[in-house]
Amino acid sequence: MISLKDIQKGLLVSLWFVFLTFPLLVIKVNPIERVITWRWFNMLWIALGSFSCYLAVKAYKARQLSRQKRIKQGVIKERTAWSGRILKEPGIYIPFLIAVGLFALVFPWIFSTYQTNIMVTALMYIVLGLGLNIVVGVAGLLDLGYVAFYAVGAYSYALLNLHFGLGFWTVLPIGGLLAASFGILLGFPVLRLRGDYLAIVTLGFGEIIRLILENWNDFSQGPSGIANIPRPGLFGMHLSLDQSITYLYYLVIGMVLFTIFVVNRLQNSRIGRAWFALREDEIACQAMGIDKTRTKLTAFALGATWAGMVGVFFAAKTTFVNPASFTFLESAIILCIVVLGGMGSIIGVILAALILILLPEYLRAFSDYRMLAFGAVLVTMMIFRPQGLIANVRRIYTIPEE
Amino acid sequence: MDYFIELFFSGLTRGSIYALIALGYTMVYGIIGLINFAHGEIYMIGAFTALIVSTVLSIFGFPLPAIIILTLLASAIWAAAYGYTVEKIAYQPLRNAPRLSPLISAIGMSMFLQNYVLLAQTPDFLPFPALIPDFDFMEPYAATIGSSDLVILVTTAVVMLLLTWLIKFTRTGKAMRATAQDRKMAMLVGINVDNVISITFIIGSALAAIGGLLIAAHIGQINFYIGFIAGIKAFTAAVLGGIGSIPGAVLGSFILGLTEAFATGYVSSDYEDVFAFSLLVLILIFRPAGLLGKATIEKV
Amino acid sequence: MSAVSIQFLKNNRKDMEPLLNITGLTMDFGGIRALDNLDLRVQQGEIVALIGPNGAGKTTFFNCLTGIYKPTAGELLLTPPGRKTSRLNGLKPNRVTQHGLARTFQNIRLFPNMTVLENVMIGRHCRTRAKVLGAIFRNRKTVQEEKEIVALSLSILKKIGLYDFHDEFAKNLPYGAQRRLEIARALATDPLLLLLDEPAAGMNPQETHELDELITTIRDDGLSILLIEHDMKLVMSLSDYIFVMDYGKKIAEGDPEAIRNNPAVIKAYLGEDIDDA
Amino acid sequence: MKMHHKLLTMIAAAALTAGMAAGAMAADTIKIGVAGAHSGDLASYGLPTVKAAELVVKDINAKGGINGAKLELLVEDDVCKPEVATNTATKLVSQGVNVVIGHICSGATKAALPIYRDAGIIVMSPSATDSSLTQSGDYPNFYRTIAPNDAQARTEVDFALNTLKVKTIAIIHDKGDYGKGFAEDAKKFIEQSGKAKVVLFEGITPGAVDYSAVVQKIKRSGAEAVIFGGYHPEASKIVTQMRKKRMTTIFLSDDGVKDDTFIKVAGKYAEGVYATGPADVSSNPLTKEYHDKYQQAYGSEPGAFFDNAIAASLALTNALAKAGSTDEAAIANVLHTEDVATPFGSIRFDSKGDAIGIGFVVYQVKDGQYVQIQ
């Protein structure tokens, strides 16, 4: 499969990368002390790494090609993805679901508070991912400022609690609604923009929100943030840390279930179909009588609502908010979850959130490489598997008997 | 009046840097319709390469003029190499993919490069060697305009002229313009579109590297994160002028630089970035074609 | 429709209130006049063809009519039988569709990653009501509506001959079937007037023949049809009335017989396969 | 076991303090948590603290530990992010730490403190300077071996008003929590004193391509002195641009600038700049001792907050030893009442948790070095 020519080319590629990375990876200077450190080993790694990467990609491509050829010749049939096959087999996925459900239920009793706490974070990202999935995955609107709505939710809890003493349960819907209003406010003028412009405008909006929170001290207490935000209470009982984290865990599990339920129903509805269609072809959509702006706005506002609600959870979990938690990187991480999981795919997003949030937590040794990996994930997924880990499965309608 | 002139020069300096970066955005957008999100990172890599090369050379005892020339060359070459490689890896395979795919890929590339430099070098600010000396003849005007400002302005002007010449009068330039107009048609008349795109990335990246080098010498310090903000500002400038239009990018950059300087001078710098971002949002909403760009009609 | 009533229609074209009445339609693209003062009428129940050489502005005309482009000048009036006249100028595409104009596209624009059935169901969007809350809570009204959408879409697929493919992805259909699916999707919007942009393009003679029959059936169901087509044989056999465009201007109109013999038309086509018809 | 324990607490729903968890601890080890930024772009602020704690603990363990118990360090990274800091704190609490050295950044510290407070764990930060951490009274379990922002701003303002006798001052900050907090305190003190006018109060954007507009603005404001709140990268950029514009305005700044890197980066332009910082402790034998140990172990000079971290480690271990238990109240009592020798001299903690004896003094750059002048 790999010819001599490939190896020659691979050598050239690795030579190129050695050249490319030479100043940054091999030389390290300290301009103050005027010391140069030469790290020749890095050069070796790059040479080996790029060579094997090249061959791996080559082999992968060759396999894809021969596969497609054989599909064309009719030798083999196009394979539905393993995930798709499993999802079609109730005998497999129902026991699996039950197992997952049970596991989720007993999780805080088996694992330490810390593990539970991490799980709460991961679950929050699942909800965020599912929310953004409505916007990016389903409706095809690239929102790079999703974190702004998250911030709106977090700050509405922090501020409403600080000034008016409102509790978690009161603010949860308020935070969602406030975020939704921000979504509509922003969405109204910008949603008619073309996809890539929309992405940039939302990015700008996200930064504006963060900068305002940072600068407007009278309103948000600026960069020093708001502390002592209460955790959600349970009928006025005083909960210890362990208990309140366990409690929060179940709340977030509830939130995840609620989100899955809603997103699933939405996707399989008139509105959901319109979102998918909008992602596929805007013009055809309009020609079919779908109000583009309105449909987009619905998706945008719904996505924002979820971000707002998770924002409230965030403030309650962290008990402290400051603008530093709402940078563009946060939006990028959530986007990464959606892209890795598979645009529009609920199970994919859940899986991706767990992988991307839990893995770095348990591989602390590699935590420095986290953002590097996120970037690489975005690029690789786009090139090799744009449909994501688990491609979205279109619903098959049962035909009513006439 | 003095204050006004001082702010004016300050705005021009900013504008020049933005322009050097914005050109890369606008050229790439003109040719493949992609917002090259990683372009700010190329600028940062250019600055870093310059820092490394110049420090190494000065430790080896090269004379200042040699350091300047070699550093300029090295940072332009390596930045161009990075730009070229980024295009080959992250964008070329996605040429026929849905419009958002290359953009997401570009965002990924931007994150990757930022963290690559962070890990390969250092997260801290590094001091940049004083490559631009204080000229004696500038001494009487030092309070108004510094030597480095002058160098930046002159270099930018020269680079702009060269670029205009390249695009207007050379074969490569013509091929670039043809590809920007209609990629399929350009292919049909025998232009190697892949090469043209590569050249665009190479030129854009080299320009960004020059910008990176100049700004690093001017401000005196760099870290891995300088590309993000500068990149977004330059992108704003490109959009302001009309993305895809080269004179537009330059015009937009100077307008943005000057408004920022005057806004800081006469109002406040607290909301400097808010202001730039709001400008970006407003232009995209009300005049997505920018000042000099042409409104396009989607073919049905 | 019988030959007599067609004759009646032809004789009375000028007198009846037309379903679609376009006057003075002009479209400029930055100095280039793509459509120049175009007048065109479609009567209820007619199949009207719009022909002309490539680049004559036919698709631009469709785009202006359906709201994708905003025309520079002109009046677009739609008068459904027994109802008030409404102006279509300046309406957004989706509003135009709601008024009863549905179209297909020259270069097929299906939703490739949705199933055939879903593609048709999208067409029902503008005739149904379910909102977000309905979707979440699935109240009886929504469920009922959803059932109706599926049933109606399936019946359209049956009529169009794509029932067996309803679970396929649209992108996996053969070319001819994709064109038919576009028609099915358009039909799902309950149109008064169906706009077909080169429906026979790329079809083999067998498929074209089936298309001919399909369009006739649709007309017999009471719809009017406006059709852009290059296949002269199809145009001549189907149309009740023909408009000819060249360089954005109308150069001729009349029944197929008249058009066949019109010197201006022959000149525009430079003797291009007009004789085949 | 764990499950049983948890069920119990849940059903009881009574306040079972983590004192119980501490009591359940094996007596032969005392766990000290070290939390702060150990990776990412702020790692250079957090890692020296880890090293400091390691050095101190190594010494104590070599001498047989505290009251027979060995010390164990649990090092956790919070990347200086509040949301991560809560995870870090939870992890440390669930691992049963007895005391914590950290966190490094004020924001992360604020987020983590309630978790430690509810678990009854004493926390001592070598670097979190936000005034409200001690002054709000919200965190009785919090101590620090660095002076709070307002003390620093007080020192700086007093110096500017009384020693330099400037009448007009421009205050510039970097919009960050440290810089802006400091700038606001400074502004407050100047206005309270009535001796000088704040003619300009403005935030700059870190990482901007050029600061000349703001420098021109300072010039036009006619300020005799600039007080800058923030870190040395921005400070050196602004000073450089000011001096290049031939401005001789006095430049005063904070501890974030009192760093040799500032002088090396700004070079000749750094000359004459004032910065507040902890008193020069290089002559203190303890400082020498630990700097030498660091030099031996790692072959370089220790980084930011190393002395403060040594002080925190010494103060905490001393309190653990003297209290004879890991009980919060007992440790707190020692911290408040007994002096402990640290690189900053003998210190103890006031009722709010700030160290008595760690204050700020003013330095000036003279001939390429920070020289204490007050």
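Read from first to last, the chains carry the letters A, B, C and D; within each, the first residue is number 1.
Here is the rule we use: a contact is a pair of C-beta atoms (placed from the backbone, for glycine too) under 8 Å apart; a residue touches a chain by one contact, two chains touch by 3 or more.
Not measured: the values here are computed from a predicted model.
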**Q.** Between subunit C and subunit D, the fewest steps along chains that touch one another
**A.** 2
Q.
Suppose chain centres are the mean of their C-alpha atoms. Which chain sits farthest from subunit D?
A. C
Q) Rounded to the nearest whole Å, what is the centre-to-centre distance of subunit A and subunit C, using the mean of the C-alpha atoms as each centre? A) 42
Q) Hey, how far is the Cα centre of subunit B from the one of subunit C, in Å? A) 49
**Q.** subunit A and subunit B: spacing of chain centres that average the CA atoms, whole Å
**A.** 30
**Q.** For subunit B, residues that touch 2 or more chains besides their own
**A.** 127, 228, 270, 273, 300
Q: Could you tell me which residues belong to subunit D and also touch two or more other chains?
A: 40, 175, 203, 261, 264-265
Q | subunit C residues counted as touching two or more neighbouring chains | A | 68, 105
Q: In the complex, go through subunit D and note every residue touching subunit B.
A: 40-44, 175, 202-205, 207-214, 216-217, 219-220, 233, 236-237, 240-241, 244-247, 261, 264-267
Q: Within their complex, state which residues of subunit B touch subunit A.
A: 33-35, 45, 48-49, 51-53, 55-56, 58-59, 74, 78, 81-82, 85, 89-90, 93-94, 97-105, 107-117, 119-122, 126-129, 228, 232, 235, 239, 270-271, 273-274, 277-278, 280-281, 284-285, 288, 298, 300
Q.
Under the definition above, what is the set of subunit A residues touching subunit C in their complex?
A. 262, 265-266, 269-274, 276-277, 280-281, 283-292, 298, 302, 394, 396-397, 399-400, 402
(Q) Under the stated contact criterion, what part of subunit A meets subunit B in this complex? (A) 16-17, 19-21, 23-25, 27-29, 31-32, 34, 36, 42, 140, 142, 144, 189-190, 193-197, 199-201, 203-205, 207-208, 211-212, 215, 283, 328-329, 332, 335-336, 339, 368-369, 371-372, 374-380, 382-383, 386
Q) What does subunit C use to touch subunit A in their complex? A) 66-68, 92-94, 97-98, 102-103, 105, 109-115, 117-118, 121-128, 130-132, 134-136, 138, 142, 145-147, 149-151, 154, 166-167, 169, 185-186, 189
